[in-house]
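Chain lettering (A, B, C, D and E) follows the sequence in which the chains are written, and residue indices restart at 1 in each chain.
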Amino acid sequence: YAHAARRLVKIDGSSTVFPITEAVAEEFQIEKRGRVMVTVGISGTGGGFKKFCRGEVDIVDASRPVKSVEAALCRKNGIEYIELPVAYDGIAVMVNPQNNWVDHLTVKELKKMWEPAAQGRITKWSQIRRGWPEREIHLFGPGVDSGTFDYFTKAIVGKSGASRGDFTASEDDNVLVQGIATDPDALGFFGLAYYEHNRDKLKLVPIDDGNDSNGKGPILPSAETVNKGTYQPLSRPVFIYVSKEAASRPEVDEFVSFYLENAGTLSAEVGYIPLPEDIYKRALRKFKKRKTGSVFGGKGAKMGVTIHDLVRH
Amino acid sequence: MKSFLDRRSRQRIFERGIHAALLLCASLSIFTTIGIILALFFETFDFFKEVSIIEFLTDTQWTPLFVDKHFGILSLVAGTFIVSLIAMCVAIPLGILCAIYLSEYSSPRFREVVKPILEVLAGIPTVVYGYFALLFVTPLLKSFIPGLSGFNALSPGIVMGIMILPMVSSMSEDAMHAVPSSLREGAYALGATRFQVATKVVVPAALSGIMSSFVLAVSRAVGETMIVTIAAGQQPRFSLNPLVPIETITAYIVQVSLGDTPAGTIEHKTIFAAGMTLFIFTLALNLISNWLKERFREEYR
Amino acid sequence: MNRLAYNKLVDRFFKLAALAATIVGLVFLFTLVWDIAHDGAGRISWSFLTSFPSRRPERAGILSALVGTIWIMGLTAVFAFPIGVGAGVYLEEYTKKKNLITRLIEINIANLAGVPSIIYGLLGLGIFVRALSLERSLLTGALTLTLLILPIIIISTREALKAVPFSIREASYALGATRWQTTYRQVLPVALPGILTGTILALSRAIGETAPLITIGALTYIAFLPESVFDPFTVLPIQIFNWVSRPQKGFAVNAAAAIIVLLVLTLILNSIAIYLRHRFQRRIRW
Amino acid sequence: MVDNDIVFQISNINAWYGEKHVLKDISMRIKQRKVTALIGPSGCGKSTFLRCLNRMNDFIHNFRLEGRILYKAQDLYSPETDPIEVRRTIGMVFQRPNPFPKSIYNNIAYGLQIFGIKDRAKLDAIVEDSLRKAALWDEVKDNLGQNGLALSGGQQQRLCIARAIAVNPEVILFDEPCSALDPVATAKIEDLIMELKNEYTVVIVTHNMQQAARVSDYTGFFMLGDLVEFDDTKKIFTTPANKLTEDYITGRFG
Amino acid sequence: MVDNDIVFQISNINAWYGEKHVLKDISMRIKQRKVTALIGPSGCGKSTFLRCLNRMNDFIHNFRLEGRILYKAQDLYSPETDPIEVRRTIGMVFQRPNPFPKSIYNNIAYGLQIFGIKDRAKLDAIVEDSLRKAALWDEVKDNLGQNGLALSGGQQQRLCIARAIAVNPEVILFDEPCSALDPVATAKIEDLIMELKNEYTVVIVTHNMQQAARVSDYTGFFMLGDLVEFDDTKKIFTTPANKLTEDYITGRFG
C-alpha cells in the first residue's frame, strides 16, 4: 500500500467505545509526535468485526463480545484476536424531571414494560405500579441494532433482541435525550455518559435488581456502584479486539500497551467507568502473552461473567 | 485541381479515438447501473433464500432485529411514502409558485439574487436539516398539534420539502425561462393577465421540464436519509399517520450500517433487500415520469 | 364585478401567493442560518480551523475534516468533470441518430440522477472498497461521489450544449472542420459557463453528502493530513454528524461552527456558479 | 379639438432602453379604419414605437417612456388606464408567427376563455367567424383539433391574426408580419390586411417598402429614432418631402 | 465528355427526410465562375438542394439521397470522398449571419487554424485579404479584436462571407444570405456577390426574385421538390418557358 511508509494503526467499530479510543488515540499521537497515525472509525460493532475479520483493520472497538458468526469469519480468514476489556459502560434509565412519581424501578417492572408481550398492552404508567398516574407511557431506547439495546434486552428481558417494538429508537443518543427532556411521560435508557452531560434535563432512576447480595434496594449508577458490582444488571464491560498478526507490528503493540496503561484515566474523562487498576495490569499481561480467543465462546452478551474472568490467561 | 480523396488519415484516427473515448464516458453510466445491481443482487438473492418474497411483500411488520422476526417491507415503504408525500405537498406548490414568481412576476434583479440564495438551501448538509427538524420544527408544530409525538413523519417531511423546494423552483424556473417570450407576448397581446399567461401558456409549455423537476425532487425525497434518521424516530410502522414515529427505508439502511449486526446474518442482508426495493422504487418512478413526459408535452420548438 | 376586475383580482392574489411562497423559502433559510450562526459563530477562530479533532470540545478543530473535504471536492471535480462532459458531448454531439443504445443510456442517466445517495454508498462499498480494495481512502470517497454527481453533470452539460445554436456548428462544418474540432473549438467554449455552473452546483451538493460516505465507512477520527489519494480521510459533514451525537454540549457548538464553515464553502462554490451564469447570460445575444 | 377620425394622438414621445435613446420626440396621428405603415432601416425604433401603442413595452424592465399617447381621448399611460384592457382593445400580430402549442381551436378560444366565455356554442361561432375573416377557415375547418404549430408558416400567421380578431379589438398592430413568410403566403396576408381595414384600424411595421406601398394609406419613415416623414403613402413613394426618405426608397429600388 | 466549364454535374437526384420526398429527380449543371440563383416558394427544397452540394445534409439524421453529384468529375458521395475536404472546397454562407462568438480576427483565422496554419504573419495577411474581398476591411480594421457578434447584421453577414473566402474555396454557396438584413445591407451583399464571381463559382438561394434577377447569370425555379425550369436568368425573367414559372414571377410583381 501507498501509505506503508506511514505507520498507521487502523481501528473501527462501536460508537459506544469510540470516545475512549479517540481519547487514547489523541494522547498516543501527541506522545509519538506524529510518527504514528491512528484512525478510528465508527461502523458499529458488527461492521467493525466485518472489517476486522477481513483484515482491513487492526483493532475493533466492541460494545459486546464477539459473536459466533464473526468468530467463524475470522477463523476462515485466519485472523486471531486478543480480547481486552477497557471500561464499563453503565446503562442509565431516565425519566423527565417533571416526572414526580417514579422514585425507583425494579428489574421486574422494567421487564414488564419492555418485554415483547408488552407491545400494545402496557401503555399506561398505572399498569406498571399501582398508584402511578393514568397517563400514557412513552418509551425511548437506542437503535435496535446497538450493543446497548442488545445488552439491555438480555439483562432485563432475558434474551437479546427480545423487546416490544413500539418504542422510539434512535442511533443518536442526543436525540433520545431530547425526546425524554421534552416529554413528561417519557422513559428511556442509554449510556451513562449522556446523563452526565445533561443532568439538568433528565432524571436518573435507581434500579433494584431484587438481589440483596449485590447491594440492597435501589441503586443509582455511579463509578463506585458499577465498580463494586452493585449497580446490576445494567452495567457492562466494553472491549477492544486486537488482531494477533497486527500486534506484531511495533506501532500496534505500542498503541495497545498505551491504551491499557491510560484507559483508566481517559475513560473516566469521557464519561465511562474505569475498570479496577489491577484488571488493566492483567489485561496488559494477557496482551503481552498474546492470549487469543474469547471467554464468551462466541455467544455475545452474557450475564454473570465477572470482570476477573475477562482477563484470565 | 483539388482532390477529395482521403488525405487526412492521421486526423481520422484521432477522430475515431475521441469518439471511442466519449462513448466510453457515456457508457460508464451503464456500468454504474450494472454495478448497483450487482452490489445489491447477491445479498438480496441470499436474503430471499431465507425469507419468502410473499412475506416480504405482504407482511405488515418489519422487525428483523428483534427476536420475533418479521420481514414486511411494507412498513418501511409506508414510512418512506408518507414522508415523501408530505415533502412533495410542501415542495411542489411552493416550488411552482416560487418558480412562477421568479420567472413571470419578479424583476430580473430580484431573480438574480433570490434564485441562487434558494439554491444554497439545497447545498446545506442534510444533517443540519435533520437537527433543525428535530429541535426547531417539531417543538414549533407541537405547540399547535397537541397529539404530535417528539418523533414523527410530519416535521421531517416539511423540512425535507423545504430542502427540495429550490430543486423544484430552480429547475422549473429554468424550464419556464426557456419558453420563448413570443408565446407570452402572444397571450399578453390578447389582454391576458400575468396569472393567465403563467398558468395557461407558460406552465403548459414548460411542462416537461417542470415534470422532470418533480421527478428528481420525488427521487431525492424518497432517497433522503439523514433528516429522517434523525427526526422521524425509528419505528417501522404500517400506517400513514403523519403524527407518530415511523421509519423509512433509507433510515433503516443507515441504522444497520452503523449498528452492531454481524455481517453474513439474515439481519444484515436485510439492508440489501431494502436497498434493492429502494432502487426499484426510484427506477419505477423514473420510468413512469419518462412516460408522462412523452405524453404531456406541449412542444413549442 | 366585471370580468376584467375579476381577472385582475385573481392576478393580484396569485402574485401575493407566489411572492409568499418565495419568501417562505427565504425565511426558512435565514432562520436556519441565524440559528446556526447564533450557536456556532463565536466558536470559529483560527485555531478551530487549524486544530485536529479532540475529545475536549474546546481544543477540537476541523483541520483534517476541512482538508479532507477540499481533497474530496478536488478529486471529485477532476474525475467527474471530464467524464461528465465527455458523456454529455457524446450524447448531444455524436449521436444525432437515436439508436437503441443511446436511448438506453439516456433513460439510464435520467434514472441514475434519481437513485438515492445511500445506494451509491452501497455501490462504493461493494466496488471500490471491496472489489478494487482501495480501502476507505480519498480515492474511494471521491470515486463514489463522482458516480453520484455524474448524472447531474451529464444532464447539465447536455442542456448547455443544447443552448448553443446549431448555426455555430454549421458555420464550422462549412469551413471543413471535423466534428471534434467543431465541438472542442466552437461549441464547448460557448457552453462552458453553463457546464461549469452545473458542475459546481453538483459539487456543492456532493459537499454536503453524508449518507454515502457513512456507508463506505468514512466516519473516522483522523488527526493527520492525507498525503496521497490512498490515505484515509474524513470530511466536514461526517465530523459534524459525529459531533452532534456526542454528549458534551461543547461539541454541539463545534458542530454549529463546522456547519458555518461548510456553508461558507458551499456559498463560495455557489457564488462562482452565479458569477459564471451571469456572464453567460449577458454575453449571449445570437 | 378631438377629431373623431383620429384613433391615436401621439405627442412628443421619447423612449429609452436603459441609457439608449431609441425614440426621439415623435408625434403622429393615426386615423381610424386606415392602414398606417411604418418603414425604416433595421434598428430605427419601428417595433419600439409600435409596442408603445398597446403597452407591450411594460414587460421590458429597463424601458422608459416620456410624452403622451392618447387613444380616443384617453391617456394610454395614465395611472387609471388598465394595460390589460388596452391590450385587449389594441391587438397585435408579431413578426414570427407565435401560435400557442395548442390546437387551432384552442389557440383562438384562449383569448375568449380568459375573459370568461365558456359557452361552447358561442365559442364555436366566434372561432369559425375569426378563421373566416383570417381567410384560414377553408384550409383548417376539418382539422380544428390539430396543433397550431403543425401548420405552415403562412397558415400560422393567419392563425395568429384570427386569434387577434377573435377578441374583437378596435385596432390591430402588425410588427413585420410577413418577414418570415414566402411570397405566396405574404400575398395572402397582404390581401387580408387590406380587407381588415373595413372593420379595424391597422398599423403595420415593415421593412419591405413594396409592401408598405401596396397595403397602406399612410406611411411613416423612421430613421435612428426620428420620425423623418409621415404622410400619405402615395406622396411618400412618389414625391417624398425629405431627402433621406427619397434616398432610402430609391436605394431600395435602384 | 467533361466540360471544363462545368463545376457541378447533378444527375437525377432524389432526396428524402424520413418518408418525405423533398427533391424529385433533379438534374442540373452549374457553370464555373458564374452566379446561379435558385428561386421558388418556401419549402420547395431549395435549401435542401443547396446543402447536397457540400454534404451539409450529412448532419441531418433522417436525410437520404439518391442519384449522383459530380464535382469536377469526382463523385461527391462516393465512399472514398472525404466530406471534410468537400466542405472545405465548397464553402457556405447561411441565411442568418452566424459569426462565432469570438473576435473578428479569430472568426476568420479559425478556418485556417483547423488546417494547421499557425504562422501569425500568414494569418494576418489572409485575414486582411479576406476582409477586403468581403468589403468589410475599412469598417473593422481598427477593431479586429472586437467580438463578431457586436457587429450589425449586415456586417456580420459580410464577416461570414470573409470567413468563407479565407479558406480559399472554389465554390461558395449562399442560402438566402440577405433575408435577415435591411435593404442597405442587402445592397452591399449583392454588390459583393457580383464581384465574387470573378474568382469563385457562386450558387445562391433566394426567395427574393428581384435579387435573383439582379445578381445571377442562371436561375433555377423549384416548386414542390421539382426543378421546374433552369435557364439563363434573363430568359427566365422575360420569357419563361413554363407557365408555373411565369405565374410565380408575375404573381410576385403583380
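To be clear about the criterion, contacts are C-beta pairs under 8 Å (C-beta built on N, C-alpha and C of every residue); 3 or more make two chains touch, one makes a residue touch a chain.
Just so it is clear, the model here is predicted, and its values are computed rather than measured.
Q: Tell me the fewest steps from chain A to chain E, where a step is a jump to a chain it touches.
A: Graph distance in the chain contact network comes out at 2.
Q: As a test of whether you follow the contact definition, which chain pair has the most C-beta contact pairs?
A: Result of the pairwise contact count: B-C comes out on top.
Q: Could you put a whole-Å number on the gap between the CA centroids of chain B and chain E?
A: Going by mean C-alpha positions, chain B sits 50 Å from chain E.
Q: Averaging over Cα atoms per chain, report the distance between chain B and chain D in Å.
A: Computed from C-alpha means, the inter-chain centre distance equals 47 Å.
Q: In angstrom, rounded to a whole number, how far apart do the mean CA points of chain B and chain C lie?
A: 15
Q: On a C-alpha centroid basis, what's the spacing between chain A and chain D, in Å?
A: So the centroids are 82 Å from each other.
Q: By the touch rule stated above, which residues of chain D touch at least two different other chains?
A: Correct list: 84-85, 88, 114-115.
Q: Can you pull out the residues of chain C that are in contact with at least two other chains?
A: 7-8, 178, 219, 244
Q: At least two other chains touched by the same residue of chain B: list those residues.
A: 193, 196, 254, 257-258
Q: Would you mind writing out the residues of chain E in touch with chain D in their complex?
A: Residues 41-43, 152-153, 179, 181-185, 187, 207, 209, 248, 251-252 of chain E touch chain D in their complex.
Q: Which residues, counting only chain C, touch chain A once they are in their complex?
A: Touch residues, chain C against chain A: 52-55, 135-136, 217-224, 227-228, 230-232, 242, 244-249, 252.
Q: What part of chain C is in contact with chain B in the complex they form?
A: Contact set of chain C toward chain B: 7-8, 10-11, 14-15, 17-22, 24-26, 28-29, 31-32, 35-36, 82-87, 89-91, 94, 102, 104-105, 107-123, 125-127, 147, 150-151, 154, 159, 178-180, 201, 204-205, 207-211, 214-215, 219, 236-237, 240-241, 244, 259, 262-263, 266-267, 269-271, 273-274, 278.
Q: In their complex, what parts of chain D are in touch with chain B?
A: 54, 56, 59, 61, 84-85, 87-89, 91-94, 96, 98-102, 110-111, 114-115, 149, 160, 163-164, 167
Q: Please output the residues of chain B touching chain C within their complex, sorted ascending.
A: Against chain C, chain B makes touches at 11, 14-15, 18-19, 21-30, 32-33, 35-36, 38-40, 93-95, 97-98, 100-102, 105-106, 112, 114, 116-129, 131-132, 136, 162, 165-166, 169, 174, 193-196, 198, 212, 215-216, 218-220, 222-226, 250, 253-254, 257-258, 271-272, 275, 278-279, 282-283, 285-287, 290.
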